[in-house]
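Paired with chain B in one complex and with chain C in the other, chain A is shared by the two complexes that follow.
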Partner chain A sequence: MQGYYPLFTALPLAMAFLNLLVSKLSKKVSDYFAFLVMAVLAGMSIKMLFVQPFTYQVGGWAPPWGILLVSDGLSSMILAVINIIGLLSMVFSISYMNTYTAKPKYYTLFLLMVAGMNGVVITGDFFNMYVFLEIASIASYALVGFGCEREELEASFKYLILGGVASTAVLFGIAFLYSMTGTLNMPDVAHQLEFMEMNRAIAFVLAMFIMGFGLKASTVPFHAWLPDAHPSAPAPISAMLSGVLIKALGVYAIARVMFHVFGPNDMISAIMMFLGALSMLVGVIMAVGQSDFKRMLAYHSISQMGYVTIGLGLGLNPNVSPAIAAFGLLGGLFHLANHAVFKSCLFLSSGSFEFRTGTRNKFEMGGLIRRMPVTSATCSIASLSISGVPPFNGFWSKLIIIAAFIQAALYSQGDSKVWFMIYGIIAVFVAFMTLISFVRLQKSVIFGKLPERFASLREAPFSMVVPLIILAALCLGIGIAYPFIHDTLLEAAKDALLDKVSYVNLLIGS
Partner chain B sequence: MNRDIDKEIHNEAHGMTSIVKTVARFLMGIIFIFGAYIILYGHLTPGGGFAGGIILACGYILLTMSFGKEIGLRKLTDNWASILDNTGALLFLVIGLLGFTAGSFFLNFLGKGNIFDLFSAGTIPLNNIAIGIKVLASVFAVFIALSIFGRVVSDYVEDEEV
Partner chain C sequence: MILYFLSLALFVMGLYCLVAKKNIIKKVIGIVITEYSINMFLILVGYRDGGIAPVLMKGMDNSEIAAGSVDPLPQALVLTSIVIGLGVLALMVSICLRLYEKYKTFDMSEIKRLRG
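Up next is the complex of A and B:
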């Protein structure tokens, strides 16, 4: 398995370009090609969960000079999330994308986006990370505008400009780090920074990274692109953007850089917790009043990513006891995986409803459980899951985050005590608001009176229903099998993130 | 250089004046040779696949701008630009994947040869050629997409017919 680690980016890249060549001869095969490569990637990523941490030297060059690929608990977990959600979105696309033209081009962009996200996750080199970040972002700009309608192009252009600003900020930060340390290898940068005091240059780099990666993760002051971009994209792409892209490019990158390169730090922790709390509140308040189904889900993405950010922020705090910090971090990581599952399920079911009814306005729908029972059931399960109703998966991760903040408030001294309590209360309040918002959604879409014109609707096609069922089963399964998941996946990811020393030692070890 | 280009020189119907066309025809060969030189000597002198590919693409852009889009697209159609674009990217990746045969992704598995020889440095000249093809085709494709195509892109129409 170790020798084939670069295939996580090489395989989708190869298929992306091959796909366009083959599609000149026959249009039919690109479905199978794209499905096949995503199935292989998903299988490989599941296998990676059971592999011990290792490093891979690209081209056989030793670490400080060559590009280092790193595999540990965290990257395995995120790879599994990316590739499994990717596979399910791909299966959903096979029928859904028949309503668009140029399907082979869609698959090419999709695979490029997956290649970029996998690249960001596996790399241990700053510049390599930037390049893959750009590959994934540029593919997603094109995918957001794939419908080429007025509204979609406007959203795509807005996303392009803001995403470009974010990428520039990241590159600027990397350039500053390079000028300070003379290396781009992430373990090596971490090693060099250990001998430096906090100075203005480092603070500037931190600000650039929080802005750049924060914009990709759509934390609140940088969230303006998301509510336009996610609804405009085709439904499987909304699921990928909201379920995976903002996590792989934003949260994963920020976690890797902050935990492993800069190390736990009071200031970053305070900033991330504040941004997280702000995202939770603003996102959910904006979401309540939306009438567009997908736009409401997009605002909820902002709000739910706030939970992840706030959990990571607590994990970065050096002043609370290590056990509580680790608990908060674990909650954040668990919520990241859960959000990928239930939010992609919600976006795919919204796509399924749109495919049959032709509208995204939730007040024009109603009573759909009588006509589309499977889609309605999966949508309902995912709604309960995002609102944090036991025994679904969202309940556990929210519970852990809230419990971690209350514990932090009880067992720490000084001013921060009050802040932890406020953040805990905000988390509870936002969970409540989310529940209200999704109960309203179910009332107006799934239950209620069936409008006259939808009387002859049929259930969505088979290839659209299967991913929905799998995702709904995952929502329930992860919730019930929580103790097992906690002991295997989450502990490994959390330990990998907290263990800065062994990350720096990768430099010597390999 | 080429018979149908010669015929177009005094044709005022499309393209610029015959002064521009004559100079462009004279420069074209030099530009292409220089681009190929930059690509092939990329591992020895400054430049390489990207810079050389841009120069080659500029040759085609000069042709299109001075002689009009009919001649430009006759020399390199948008379909072939797309094929070359994908082929260049695939070639680069295949060279990287061939490194697996010797043990590692992107391993330079060919003989390195003597320093400052044209045939030296293992896979690097091959990588330069692949990048050159890719950049030539994609820069030209971007140019024709921005300048020539109107609302209807050629293979968009193809798709609707299917």
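Up next is the complex of A and C:
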């Protein structure tokens, strides 16, 4: 498996352009071609879950000169999330994208985006990470504006400007780090930083990274683009953007850099917890009043990503006991995976409703459970899951995060005690508001009176229903099999993230 | 030292252009200015006063290069970042053209169908 590791980014990158050539021969083949690539990637990513951590030297150049690819528990978990959600979105697009022209170009952009995200996850080199970040971002700018209508172009332009600023900030931070340490290799940078005191240059780099990755993850002061960009994209792309892209480019990158390169730090922890709490509150409050189905989901993405950020922030805190910090971190990582599953299910359901009814306004829909039973059922399951209703997966991760904060409040001393309590209460309140918002959605879309013009509606096509059923089954399955998932996947990811020493040792070990 | 501040000033000017100007073409120019300020900063990071080009000529040995040359790595980074910048610029300009086709204006304050 080790020798195949670069294929995670090389395969979709090569096939993206080969796909365009294939589509000149036959349009039909290019559908299956893109599907096949994603299926191979998803299979590889599932296999990666059972492989021991290793490193790969690109071109045989030893670190710190060459580019190092790193595989550990965290990257395996995120790779599995990216590629499985990617495969399901790809299956969904086969029918859904018939309403658009230029389908082969869509597949090319889709594969490029996957290549960029996989690259960000597997790399252990700062500049390499920046390049992959840009590949994924550029593909997503183009995909947001794919419909070329007024709103879509405007959203794409906004996203492009803010994304451009984010990338510039990240590059600025990387240039600063290089000038301080003289290396771009992430374990090596971490090693060099251990000999330095906290100084203004490091604080500047931290600020640049929090701004840059925060913009990509759309934590609250940087969230302005997300509610425009995510609803404007075609539904499978909304699912990819909300479900995976903001996690791979934003949260994963910030976790990798903060935990492994800079190490646990009071200041970063306080900032991340504050931003997370702010995102949760602002996102959910803005979401309640929305009439557009997808726009509401986009605001909920902001609020749910707040849970992930706040969990990571608690994990970074050096003052609470390590067990509680690890517990909060575990909750954050679990919520990351869960959010990918239920949010992509919700976005794909909204796409399925839009495909048949032609509207995204939730007040114009109603009673759809009588005409589209499968889509309605999956939408319900995902809604229950995002609101944190017990048997489903969202319940467990929210429970862990809230419990971690209450424990931190009970067992720590000083001023931070009050803050932990406040964050815990905010997390409970936001879960409650989410439930209200989704109950209202259910009431206006799935139940209630069926408008007359929808009387002859049919269920969505087969290839759109299958990914929905799989995602809904995952919502339920992960919730029920939580102890198993906890022991295998999450523990490995959490341990990898907390173990800075062995990350630095990758430099010598390989 | 003054050069570092110049590249910072350029960065801030780009950001100002991005925030204050309403014309979307000017916003695009603002993004490009910030990108170029970072490129300049990267070159400055590798620069060494009186350094030679990092090319191994006949009759030189490795230690001579290591002692006297400028750092070649940032130059490679800048090349990559210029190419990426070109890609982003092409996309930005084409979206601006499409926006002009739809709205018949380059004024961002008139392009506001999305709100809230």
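In this text, the second predicted complex is superposed on the first by the 510 of 510 C-alpha atoms of A that agree within 3 Å, B and C clash if a C-alpha of one lies under 4 Å from a C-alpha of the other, contacts with A are read in each partner's own complex, and residues count from 1 in each chain.
Quick note on the criterion: a contact is a pair of C-beta atoms (placed from the backbone, for glycine too) under 8 Å apart; a residue touches a chain by one contact, two chains touch by 3 or more.
Only a predicted model underlies this, so the values are computations on that prediction, with no experimental measurement involved.
The superposed arrangement places chain B and chain C next to each other on chain A without a clash. Once the two complexes are laid over each other on the shared chain, residue contacts for A:Pro264 go to neither chain B nor chain C. In the superposition on chain A, contact of A:Leu171 is made with chain C only, not with chain B. By the touch criterion stated above, A:Gly477 is placed in contact with neither chain B nor chain C. In the superposition on chain A, no contact is made by A:Gly448 with either chain B or chain C. Which of chain B and chain C touches more residues of chain A is settled by the count: it is C.
After overlaying the two complexes on the shared chain, residue contacts for A:Gln57 are found with chain B alone; chain C is out of touch.
In the superposition on chain A, A:Ala142 contacts chain C only, with no contact to chain B.
Residue contacts after overlaying the shared chain place A:Leu160 against chain C, while chain B stays out of touching range.
Superposition on the shared chain A places chain B and chain C such that, viewed from the Cα centre of chain A, they span 40 degrees in steps of 10. Residue contacts after overlaying the shared chain place A:Pro461 against neither chain B nor chain C. With chain A used as the common frame, chain B approaches chain C to a shortest CA-CA distance of 6 Å.
Residues 127, 131, 134, 138, 141-142, 145, 148-151, 153-158, 160-161, 164-165, 167-168, 171-172, 175, 178-179, 184, 227-228, 232, 286, 290, 295 of chain A touch chain C in their complex. Here chain C touches chain A in the complex through residues 11, 15, 18, 24, 27, 31, 34-35, 38, 41-42, 45, 73-74, 77, 80-81, 84, 87-88, 91-92, 95-96, 98-99, 102-103, 111-114, 116, going by the rule given at the top. The touching residues of chain B, when paired with chain A in their complex, are 79, 82-83, 86-87, 89-90, 93-94, 96-97, 99-100, 103-108, 155-156, 159-160, 162.
Residue ranges of chain A in contact with chain B, taken from their complex: 3, 6, 10, 13-14, 17-18, 20-21, 24, 27, 56-60, 101-103.
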